[in-house]
Amino acid sequence: MSAPEPTPLTTTPPPVLPLQEEEEEQLHSRGIADHDATRQARQQAVGQRPGTLVVREDSLKPRLFLISYADDFLEEREYHDYDHLLAYFRQHPERRHWIDVRGYDDLPLMQRLQEDFRIHPLQMEDVLGDFQRAKVEETEDGLFLVSRMTEFTRLLDIDDDQLSIFTGPNYVLTFQDDYEDCLEAVRQRLRSTRSTIRRRSSLYLAYALTDVVLDHYYPTMAAIGDYLEVLEERIFQGNSDRRVLNRILHIKKDIVRFRRLVYPERDKIAELLRLPDEEIPEEIKVFFKDCYDHAIQALDLAESYRETVSSLIDLYMSDQSNRANEVMKVLTIISSIFIPLSFVVGLYGMNFQREAPDGRINYLNMPELYSPWGYPILLAVLALIVIGQLTYFYRKGWLTKR
Amino acid sequence: MSAPEPTPLTTTPPPVLPLQEEEEEQLHSRGIADHDATRQARQQAVGQRPGTLVVREDSLKPRLFLISYADDFLEEREYHDYDHLLAYFRQHPERRHWIDVRGYDDLPLMQRLQEDFRIHPLQMEDVLGDFQRAKVEETEDGLFLVSRMTEFTRLLDIDDDQLSIFTGPNYVLTFQDDYEDCLEAVRQRLRSTRSTIRRRSSLYLAYALTDVVLDHYYPTMAAIGDYLEVLEERIFQGNSDRRVLNRILHIKKDIVRFRRLVYPERDKIAELLRLPDEEIPEEIKVFFKDCYDHAIQALDLAESYRETVSSLIDLYMSDQSNRANEVMKVLTIISSIFIPLSFVVGLYGMNFQREAPDGRINYLNMPELYSPWGYPILLAVLALIVIGQLTYFYRKGWLTKR
Amino acid sequence: MSAPEPTPLTTTPPPVLPLQEEEEEQLHSRGIADHDATRQARQQAVGQRPGTLVVREDSLKPRLFLISYADDFLEEREYHDYDHLLAYFRQHPERRHWIDVRGYDDLPLMQRLQEDFRIHPLQMEDVLGDFQRAKVEETEDGLFLVSRMTEFTRLLDIDDDQLSIFTGPNYVLTFQDDYEDCLEAVRQRLRSTRSTIRRRSSLYLAYALTDVVLDHYYPTMAAIGDYLEVLEERIFQGNSDRRVLNRILHIKKDIVRFRRLVYPERDKIAELLRLPDEEIPEEIKVFFKDCYDHAIQALDLAESYRETVSSLIDLYMSDQSNRANEVMKVLTIISSIFIPLSFVVGLYGMNFQREAPDGRINYLNMPELYSPWGYPILLAVLALIVIGQLTYFYRKGWLTKR
Amino acid sequence: MSAPEPTPLTTTPPPVLPLQEEEEEQLHSRGIADHDATRQARQQAVGQRPGTLVVREDSLKPRLFLISYADDFLEEREYHDYDHLLAYFRQHPERRHWIDVRGYDDLPLMQRLQEDFRIHPLQMEDVLGDFQRAKVEETEDGLFLVSRMTEFTRLLDIDDDQLSIFTGPNYVLTFQDDYEDCLEAVRQRLRSTRSTIRRRSSLYLAYALTDVVLDHYYPTMAAIGDYLEVLEERIFQGNSDRRVLNRILHIKKDIVRFRRLVYPERDKIAELLRLPDEEIPEEIKVFFKDCYDHAIQALDLAESYRETVSSLIDLYMSDQSNRANEVMKVLTIISSIFIPLSFVVGLYGMNFQREAPDGRINYLNMPELYSPWGYPILLAVLALIVIGQLTYFYRKGWLTKR
Amino acid sequence: MSAPEPTPLTTTPPPVLPLQEEEEEQLHSRGIADHDATRQARQQAVGQRPGTLVVREDSLKPRLFLISYADDFLEEREYHDYDHLLAYFRQHPERRHWIDVRGYDDLPLMQRLQEDFRIHPLQMEDVLGDFQRAKVEETEDGLFLVSRMTEFTRLLDIDDDQLSIFTGPNYVLTFQDDYEDCLEAVRQRLRSTRSTIRRRSSLYLAYALTDVVLDHYYPTMAAIGDYLEVLEERIFQGNSDRRVLNRILHIKKDIVRFRRLVYPERDKIAELLRLPDEEIPEEIKVFFKDCYDHAIQALDLAESYRETVSSLIDLYMSDQSNRANEVMKVLTIISSIFIPLSFVVGLYGMNFQREAPDGRINYLNMPELYSPWGYPILLAVLALIVIGQLTYFYRKGWLTKR
């Protein structure tokens, strides 16, 4: 049915370890509390009035991209003037269009987009707020889809950006607050003359976008998996200090976060599949069913990593107590050997007087000290004590490593 | 559709750390048991007869506020006489009214309100009891909504107050037992001539009130998030004493409490959305759907904080055992070095006699003591022992910090 | 609608702490295993044949109480002869009757009750077995409701008794195996001439009984809450011995038990609410809906206490390890200070001979001993060592409390 | 309705503690891994071809029992020839029959039974496999019920045997691989002339069998409960060694196993209750509803025991760390007292010379040694040090037991 | 109905312990992180374009097997040329065919298969991807079933391979990337002239294949169960080092993995059972119902093993702390005995001078040293101290093993 496409997809490789010194520092200073969650809570605090458009402070200036395509046609262009874009769009109702808005920092433009594409104020607010969970809503012209794109950063955090997709009869309108994105793979496929996307409805493009976002969960998970292996290695090498625990908890936070991102994604697709066939035709649903499998697999992976993390924590804790144990063993061995010896030599350091003041010899007072073989015999006795104890400890297995 | 409103919303900033000394004391004395839950249980214990109005002892004297509004009209007033308020309300059925009752400590007034607005006795009991979970019920004239407003206090507790909302065809009747509230934002928006609230039904006002309560969950969560970061910092700085654990458990209690507050909120809104369209028209439901997203996100945040708390407890426990370990290491290093040395010097403190009583020299008894280089050689041997042990401990990594 | 009723409700106050010595003993000897559960399992073991009435050994002799009432009428009496009661009951079909059977130890009477009120044998078995979970079943004449009444004993256990309620067109028949009960509040309200119970159907009386049982969960929970605070206080005061852990686990058991009692209560009411309106009219359901809220709140409280218990266990464990740590610190400080000192003084206790046998002075052998300032300098050195170590330990924070 | 039956039921008493020495050994050697589960996995491994009858190796030779009964008739007999049994069964279609097959080790007989009673091959396989979870299936003639009978052995394991019940219009056919069973109670009741079982359909007999199996869960649970109390006692007496932990974990395994046995039982009965009334008439369902309550209660108990087990593990762990703590305290007290003392006496064991070689008295070198009261004063000082330290330790509460 | 089949089934025996040295090494180096999950994440990362066939690098060259059968006929052959196979297949539409493709590394062949058997591109992608969860999908000609075959390797890992089954009216088309498989049992049964498979539809063959895969879960579980017992034994023998913990966590990972494999299997069969009877006739469903029971039992087993693993971790941890405790006891006993002794002998090593410089005898200075019985008495005192302490320790139970 669909022919294989030649252009290779370039996926961002997982971040390579080990980290640079300064990155270590930064990472350490970030800790395990979920800063993004806190930030999000703080931002949302600024009195959201429903349907009031507010652009977040750190938004980028918007850039407008348009890809117009038909079965045998493709035009790709960046527009600096929204009017031109709109004019072109309206001029060609027979083509399909992908309008890609990157950056939100132009409130009037946003309002015009809202009006021209009949977007509900609350949905526009979701777009600009940039921290909406994945969801699907029906609009007057089609669907409103929110996806969250993840990236695993060098600092072991998961960055996530929002991709908002509006579909219409002959267009797909996407919003994201990032110039670089992970949708390049879809553009490549569109550019291919044999692309299935060109030959299908705009809903299929929406699917392709959703799918490529889902596909990008795997490098994130692979990076986490790699990192977990590195941490495990470190614990096994026995040099697990507190930073290792710190990292494990950090990764655990990432995994929890990842699950919170992917769960709504799964629910979103499940809801899509429940929509009536008039909204989404059966042949598109087949593709979304595939997405659903992928989302489930990503969640499975996350679950598997959670188990690994909890095993790593168990290992770390056991390691810590092992090492405390080893410290104790050294103390015990050395004390047990030398404290008795010290007693013995102390014994013969006593000043009991052999010679009474009246000059009489008191043969009971420490005769050993006067024996000609006293000292060598004592040394032998001391050696025997040491050997006996070492044998005891060896039998207990305290002298061997572990 | 809805134009942006110019008046800035003033949200209460999260409480700033560090706490004052006396606050520390108070906080400590409050502990981690859920006192509010206990208090609440105790109050309810006083034999609730169904539908019997009882005013709680610590209620405030009621103050009555009326905001009457129409598309192009707004009047705001505090009434000291309920009759005047009622008269005015009945005189203007064409306007919409928000009757805001703050304080419950006037049983006859409460009974009159119950009769005049046809409130079911059990619902009135819920209002005055002040510890009802968030819920929605249908009444004869509209809806009865209960929301819980949260505030994060300087003593790291979550204060929550009840907001009871009755809607009618042309009125919204709210009850709260607090003169200061978090609804000021809604009043500000009403005062604006371009306010959407004015142009919509009283249900929309009920929505706006529900929404502003939900929005106030975020500062609470942000404060908790900030505080978690402070606690994490303290553990990382290594000076985590038991008070830190105490705080962590205190915050954990808050988070659990918060979830118990927000869960019913989510269920309430879900139930609202399931009401038939005659009760709540579709265009209002769209807004409540937005509320639903917010409630889910608040729960998500709480879940994320719970994970952080459990990570912090892990860290704290590992920290404690780390420090025990360090104490042990100091003991072990010092003992291991000096106990053998003590043995050696004890050895040469023995009194084995070189000279037998008969004057013969016993050359076997501790000849070292008589060697001219005996003492320097012994000192060198002691130094070697020390160096050997330090090397051993250094290699084990016990001498370096952690 | 329903006027406030003047008679004050007397609820049993929560048990006061501290416990008497002998109670402490008893409590200790009871431990944390769930004895009631065991007892219950053992009883049921005695071959329950379905529908066979067996009276438990420790049942009380039955006492029969009848309250007959109508809108403007009330008669209250204890009957010593069941026939008289039945005759009176049958004579007045126009009144409503509450037949209250306290104690089961009269099998023939139980069988007569079963026949006269057309009770299903299995339901009668549930009544007499006295350990049925809360449930509701439909009978030929109305409903069969089982509630469990809880009481928090001085020995920190939860005693629970069964209240079985059968409703009929004009009667409510209750069974309990206790002469003292918590239903006195309902009787008080019945006696009031303005009582709503009198004016409503027998189902309303069944509701009132169910509700008063539910209300009695709160003193139980309040007592648990108080006790948790006491335990927390003890841990904070630092004198938490094993008995404290024992208590915490005991209370945990109580909470778990309480939840197992209340969960079916909630399910029972939910099932009641799902019954068709012919069974339970809408206006009664409103009241049961209120009960439902109460049950949910009781479960919420139990959940909250569970969290507190788990926090207390964390605190206790951390406290224990803290104290082990403190013991270690004392050992380490004292050993670290005195073991090196002992070495030094041991050093100068050695017997290296300054004077060779040939009378030559060996100036290398411990010249310090012959220096005029040797001893004072040594004392100074020892003092310096001590000061140095104390400084080190002080900097580490080991000398300050915690 | 149903009259009480006079014959007493003999239930097997819970196993008595303490165990014999050799039993202790056996128990120890069995450990906590779930051998039965492993065994089961191993058996099932032998390539189950669907519907192929395979008799397990350790099966017993079958014995055939027939109880034929009518309202006023009962005949009970063991048949050694299946043909006779079948002939008798076919000769008396007007009676009801309970054919009880004990032991499976006769494949041709099993095949004949399968054919004569029209049993589906897969169901026959379930019968012979002997490790089928409790379930209900509809057959051509009635129902196929599987129950699992439990027994708590002296070695603290739960033995479970399968009871397979096929019902037909006028017969009940049961299979079990055990000559001794727990169904004797049902036979006793059948023998009674006033038995309800005789007067009801064969489904009622199936119910009675299911019920008696359920009733046998209680002695099992009671035995577990008793054993938990014994274990708790041991921990409280302070002599909890590792065997106690071992036992706790063993019992935990039993409880988990028990739950896995009872859960399907509950589901089975729930499914029975959902069957249409033509399959199971309403008046039989009432009895199964009672079974359902029993299953729920058994699960409740198991849940309660699980909590107790986790409390016991907490106690055990705390006990262990308590004892480590106590060991440490002894070490610390003795070291702290004697190490300083040793230093002091070492100090006066130094050889600083009062008399310089030139004969001059050096009054600075250890003048204490020459003071007439030197020794008594030193002893007093040592005593003071000891008293001081003991006071310190006493105040810390280290000298008192716990 | 179905006669027993004579050919014995050869199931792969569980791997035998102990492991070889080099295997130990390999195992150790694999650790507990879920490498397969990571690998899977990494593979999936390679930009899956929907419906684009990509063959995994490590795929095998495909081999084609065809078994054609009818009620009284069977032909079994390996084809080296797909065209011949297809020709034969098309020539005999009256027979039933099992086409078994082993190995995927021939993209054009895969594409031809896709076209000839009308496979949806996404399903073909699932086949080649080789890491699809178990699932069922309806196709144009029948069903698409995915099963996962497990094997427990000598290195204690679970290898799983995918078996993809397409059913059509008269064929079953299977794909697997392995020349050796676990389906031999099915082939054996087909070869038997009395085989039921031959006499039934192709769906029954699909069932038989699904069932044999499920049956192969049991040897995997049995191997895990055996291994758990080995680990338990090791802990009980007291020589549990960190490798044992490592193994436990490794096995835990396997169990978690196994559950993740079997859960979808259960869901798949449940979905199969819900398909309309036209898709799967009732008489086939009966067999799948049996499969469902098996899947449930496999999950039950996995659950039981999880509990065992958590018990083993508890045991291990308790063992570790036990051993630390024992080390401490040795230290404490030896220190407590000899430190006081050392003090006593140190005491009599002091140099208090009996003879003042002026020659006067100072009888207060250490008169013991001059007593004729001084030394023997001292030795006796020392012996008494030792005996006293040993008695104390013996009473505490510190001298006996555990």
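We just call them A, B, C, D and E in the order they show up, numbering each chain from 1.
Operating definition for what follows: a contact is a pair of C-beta atoms (placed from the backbone, for glycine too) under 8 Å apart; a residue touches a chain by one contact, two chains touch by 3 or more.
Predicted, not measured: the structure shown is a model, and the values here were computed from it.
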item	value
Subunit B to subunit E, fewest steps along touching chains	2
Chain labels contacting subunit D and also subunit E	none
Shortest contact path, subunit B to subunit D, counted in steps	2
Distance between chain centroids, defined by C-alpha means - subunit A, subunit C (Å)	42
Interchain centroid distance [CA atoms averaged], subunit A/subunit B, Å	26
Junction residues of subunit B - those touching two or more other chains	321, 324, 328, 331, 335, 339, 342, 346, 349-351, 366
Cyclic ordering of chains (reference subunit C, direction subunit D)	C, D, E, A, B
Subunit D contact footprint on subunit E (complex, rising order)	1-2, 4-5, 9-11, 14, 185, 189, 196, 207-208, 211-212, 215, 218-219, 221-222, 225-226, 228-229, 232-233, 236, 286-287, 289-290, 293-294, 296-297, 300-301, 303-305, 307-308, 311-312, 314-315, 318-319, 321-322, 324-325, 328-329, 331-332, 335-336, 339-340, 342-343, 346-347, 349-353, 356-357, 362, 364-366, 397-398, 402
Subunit C partner contacts - residues on subunit B that touch it in the complex	28, 31-35, 37-38, 40-42, 44-54, 120-122, 125-126, 131-133, 135, 239, 241-242, 245-246, 249, 252-253, 256-257, 260, 313, 316-317, 320-321, 323-324, 327-328, 330-331, 334-335, 338-339, 341-342, 345-346, 348-351, 354, 361, 366, 369-370, 372-376, 378
